[in-house]
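Chains: A, B, C and D, in written order; residue numbering restarts at 1 for each.
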Amino acid sequence: MGVELTTTRLEDAAKWAKQSTLERASNWGRKFSLFTYPFVTACCGMEFMSVAGPKYDIARFGAEFPRFSPRQSDLLMIVGTITEKQGPALKRVFDQMAEPKWVIAFGVCASTGGFYQNYHAMPGADQVIPVDVYIPGCPPRPEQVLDALIMLMDRIQSGRGHSQLRTKREELIAEAAQNNE
Amino acid sequence: MTDVVKTSPQQPAPGAAPPATPPPPASTTPEGMVALIIDGMALTVKKGTNVLEAARTLGLDISAFCYHPGLPIVAQCRQCLVSVEKNPKLQPSCQQLCGEGMVVHTTDPQSTLARKQQLEFTLLNHPIDCPICDKAGECTLQRMYFDHDNADSRVDVPKVHKAKVVDLGPTIVLDQERCILCSRCIRTCDQVAGVHQLEFAHRGDHEILTTAPGAQLDNPYSLNTVDVCPVGALTSKDFRFTMRAWELEATPSVCNGCATGCNIEIHHKNGRAWRLVPRHNPDVNDYWMCDEGRLTYHPLREHRLVGAIVDGLPAGWDRAIRAAADRLTPALASARGSIGVVLSAQYSNEDNFALAKLAKAWGVTNVYLAAKPDVPSRADGKLRVADVNPNRAGAQLIAESLGLAAKPTVELSADVRVLVMLGSELPEIDDAKLRELDIIAISTHEHGPVANAKVALPASAWAEVSATVTNNKGHVQRMHPAFPAPGQALAGWEAVVRLAQATAAKLGYAHAREVFKDMTSAVPAWSKLTWAREARPLALRFAGSRG
Amino acid sequence: MSAKVLDALKAAHAGAIESLETQHGDAIAWIKRDQLLAVATWLRNDPAMAFDAPVFVTCIDRLDWKPVDVPVGVPVYPHSAPWTDESGKPRFEVVYQLRSTTHRHRLRLKCAVPEHDARVPSLSSLWPAFNWQERETFDMYGIKFDEHPDLRRIFLYEEFVGYPLRKDYPKEKRQPLVRRDDLPINPIKAEGGGHR
Amino acid sequence: MAAPSIPDASGRSLKQLVLGRKDVQDLSDTEQELAPDLMTVNMGPSHPAMHGTVRIVLTVDGERVVAGDVQPGYLHRCFEKESEHATFTQVFPYTDRLNYVSPMINNCGWAMVAEKLMGLTNEIPKRAEYIRVIVSEMSRMTDHLTCIGASAMELGAFAVFLFFLKAREWMYELLEKVSGARLTHSYVRIGGVGKDLPDNFHADLTLCLDQTVKVLAEGEGLLNNNKIFRDRMAGIGAMSRADAIATGCVGPIARAAGLDYDVRKDYPYSVYPEVEFDVPVGTTGDCYDRYLVRIEELKQSIRILRQCLAQIPDGPVMVNDHRVALPPKQATYNTIESMIRHFKHIMDGIRVPAGEAYAFVEGGNGELGFYVVADGTGRPYKAYVRSPSFVHLSTAAQLIHGHLIADVVPIFGMINMIGGECDK
């Protein structure tokens, strides 16, 4: 195809950043109506409860309603350690989610494996699925989680979530192929 | 105090304290032995053993700094004082030889106090360097303080300051403040290298370790002084500030730098070696090794062949083996004389045996032994020898036992067109000749003839495999894997087995153990050798009484 | 309290006992492997013993056992010396901890198991709780429990090769179920992360 | 797939023999409309109503569970292997993450086993012991609050979840003041505790307890006589006392079944003998009794906490023993002796004499024990945790037998399986 899509050229960057009004509007809508699928496995779940609980109240950011079916949710929160045995399940849940979708790795275990570096703990959920935002902390404080959520919202608005980028990439490739013809 | 109590019938009844009056030692002490009593426990030791050693065999840990089992005894640190009955003064246990009927106390108040006070003196001017000191974690001073004193400081006067960074020579940096003046390093140079290069100067708390003005510490065994240094005064330029000692793991191995085969420990972490230190073996290297040998871990990370190569391009194992078979099969079918097999004195017994066995199965008679050329200047009658190949004796013995005449590579037959070689050494063959050959190399490194090889198969190096090497005295010594091999590298014998499969030769080894077993049955001199279980890395921080 | 249990055990089953000891107040009885089931049955059924409550099953791998700074003259316990290939000492020890609800006493049974024949009789028929505990021990140490009704892996997956709590299993040797190289490229990582 | 139906001599089908259920021809008309075959339903490992991650392969006959294969291990984080590679002090963070709902109790258990091996059990300063009991009981309260709150939420009582979480948040904030971390405290040390209680702790805790009493009353008012809640809990997942003993059950589950076993009373440790409290014991052993036992234990914990606040003496919080106590920071920076000691403690670990010991405490879920083999170095040669969750989960297959699929949720909620502890 001959299209280099990871250059640092300004016009390429502009192409990547370009958003139609419709995209901007739909992204604005998406970021305030995140439906989370809490993939809760471990200790971080306690802090996840706190985030959902009265004091920190994730509802203020439009993401309070957990959907326990991956097909109805667009934000996968990986809360806790992912083990090798869990890997296939995580991948399947992710695959079942509808596009566009986003992933937050909640806590160091989901990000890198943390201090569990051994035969059964996976060194980060990104061994199996792509991750948009990593939250450090063991477990992270609720404030950190809210910060990460705002970060993700920014990403969504600017169209830089991993699935949005993939769609964009496909579009650009198709466009470049058309130009080449 | 432990409250472990045992009521097993075959064991003596539990006793909180050892009996006050132990049974008198048997009146008939064997010839050449002496019987004595240490802390109420009777024991018999060889004549000439000192009290410190005798106590250690009982599990009693007497603190000591200047004493080293491989060095002459000077009794100058006064850290090992014990009471000997009928002797009015405390005796340094390192210098005190065991005598018949001697009664020694190591835990009585007098000697305990003396040792504690001595330790306090030693710590008086010691800088507070542990967080930045290379020795921290394996420091004898730390261990002696922690195990034997553990008291709080009583000092409120400033410490005496001395030079912190003294360049002693090409290999070593000295910190004079940390030095506790035990003279182990001075004696090491005298005894191991045979040169007197270090000396004390000045007096009292201004006494320092130094070289003669203008002179350097530059003998080829200088780094042994770093090992014996009980504190972090002498540090190796190669190792200092690279890795914390307590984070390292140790795997026993054998130095591959020359034919002496010094026993070593590979200290490694995060999949790479950080230093090599000698391991005690009275038959080979005692407590020492040479500076050159210590640096042989560097090539483990330099110019390694990490993937198979076919015609200069990277390829997978399967493709490379197919490519090798394509070159070998026609030659095997029509002209066996055009195939040469090169064994290597740089590689292990297992690798050489597998390849020799394959040569035999192919019916190849052109067998050669490649080796690095001798370095006559190295030979010094101590540990360093001219032969810089770790396994020349083993490779030769294997070839002989299999009835193959392994010629030096310089006699390479003109008929040879395809050369199956182990290693990256092919000395005294010029480049023009090399280019004519179809080389199939099994090698750890990518330089030398391997760069011109038609097929290059990556092999694991000595620190990454379970294997044996044979030194110049005929000792077959075992190496254990410290960390995994880089990239796709496999053990040399494994590559040979794959090559054998591709050429329809039978070589059914699945483990180095099986190669070894087959080898011991083929080599009569080794028929009694056994394969020990693989040693697992030992975390230095949990190794108990290191330091 | 522990001495009483050990004395009673010795009186009733002297032939089955290898040795008895007390460590830090915990009663420990080494039982011969072929008599383990008989002794355990007696311990549960004898009214003076009445070890009705199971506590745990585990195993000790003595492969790296090199105790340091052991106090002089005090045997730590019968297998205190370093384990070596040649010494012929059993490599594994299966440990059962029992408790009595009525008498409140506790007892630890130990059974030495050699490496080449790593099996012991299952006690799950006596104490149902040992069903899963023995499965766990099998999963982690590879000890086979004879007559166990359902001896399969419990924490790890069937595809796992080896027994991770054995001392010769490297801590970080992973056996992934999902192959990492099948993954889609993660554009975020390719992009270099970045914040806002 | 239809199950094979080979009639035996008595004329009953194999299915009937094995399952004890009626054969197709014996079914009534309405029953016949349902598919006669058993169905396999997979629950988990990521299921909304599962605390933690566990997979159950249910074999159901219509809505009724006839068999369940419970498969733990999805959170096996290798506590034992990690411990064998860490110093005794470094294991504390790992214990935090065993039962992550009540980390302080795990900390205490680990400290106690090391102290037992070192012969320090009776040397711990009184104040440190009281602090340990205080933080343990606070942890027990967070554990029970979470367990009841989450179970109630799963049965539809979302308000109770929010109320109890509010109370738990007060506890977390207080524990954060004590230890520096909201959840994973690593506060207890071998030989005492990390640091003394913060200023104003008495007043804070008293206020917190007063408020928690109100929250408990609110929660009980919403749940105790709630018809839905009682219908879903009472008579569900019942266990007899004999079963509880034989299956090794401990803690609230065993007590709900009528087994009067509490480590704090039966094998008293720390300063529990010096405080008064009662051990609630149930009668029926069903989910509702488990709930009541937990509610009562919350009240008893408050009682213990109030007594501890009144009785706690002043004094050091760390034993004065150079084998375990770190030197003060000032001395560490300024004298070589303390520097070396500090260094050795941190890098080589606290050297625990060779031997083995089993020490246990009353955790949120019952007897939580650590069995440690030490070889004289700074790390445990072997560290086994006797986790109550694992034992309780092993009874789950038996408890859900014969109940509806929907009942699996409250049964699991009340077993209170905590992944970190169960899977280790």
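Here is the rule we use: a contact is a pair of C-beta atoms (placed from the backbone, for glycine too) under 8 Å apart; a residue touches a chain by one contact, two chains touch by 3 or more.
Not measured: the values here are computed from a predicted model.
Trainee: Is the C-beta contact count larger for A-D or for B-C?
Mentor: Looking at A-D and B-C side by side, A-D shows more C-beta contacts.
Trainee: Averaging the CA atoms per chain, pick out the one whose centre lands closest to the mean of every protein CA shown.
Mentor: C
Trainee: Can you compute the centre-to-centre distance for subunit A and subunit D, using the mean CA position of each chain? Integer Å is fine.
Mentor: Each chain's C-alpha centroid was found; their separation is 32 Å.
Trainee: Averaged over CA atoms, how far is the centre of subunit B from the centre of subunit C? Could you give it in whole Å?
Mentor: So the centre of subunit B lies 36 Å away from the centre of subunit C.
Trainee: When the C-alpha atoms of subunit A and subunit C are each averaged to a single point, how far apart are the two points in Å?
Mentor: Here subunit A and subunit C have centroids separated by 42 Å.
Trainee: So, what's the distance in Å between the C-alpha centres of subunit B and subunit A?
Mentor: 50
Trainee: Which residues belonging to subunit A are in contact with no fewer than two other chains?
Mentor: 85, 118-120 - these are the residues of subunit A that touch more than one other chain.
Trainee: At least two other chains touched by the same residue of subunit C: list those residues.
Mentor: Residues 23-24, 64, 66, 68-71, 76-77, 155-157, 164, 171 of subunit C touch two or more partner chains.
Trainee: Residue numbers in subunit B touching 2 or more other chains?
Mentor: Only 2-4, 544 qualify.
Trainee: Among all the chains shown, which pairs meet the touch rule set out at the top?
Mentor: Result for touching pairs of chains: A-C, A-D, B-C, B-D, C-D.
Trainee: Under the stated contact criterion, what part of subunit D meets subunit B in this complex?
Mentor: 85, 87, 119, 322-323, 327, 331, 333-341, 343-344, 347-349, 353, 355, 376-379
Trainee: Under the touch definition given earlier, write down the residues of subunit A that touch subunit D in their complex.
Mentor: So the residues of subunit A in touch with subunit D come to 39-43, 45-47, 49-50, 53-55, 66, 68, 80-81, 83, 85-86, 89-90, 93, 115-116, 118-121, 138-139, 141.
Trainee: With touch defined as at the start, can you tell me which subunit B residues reach subunit D in the complex?
Mentor: 1-4, 123, 126-128, 130-131, 136-137, 141-143, 145-146, 149-153, 155, 246, 539, 541-544
Trainee: Write out the stretch or stretches of subunit C touching subunit B in their complex.
Mentor: Residues in contact with subunit B: 6, 19-25, 64, 66, 68-78, 85, 167-168.
Trainee: Across the complex, what residues on subunit C touch subunit D?
Mentor: 23-24, 26, 28, 52-56, 58, 60-61, 64-71, 76-77, 80, 95, 97, 101, 104, 108, 127-129, 131-133, 136, 140, 153-157, 164-165, 171
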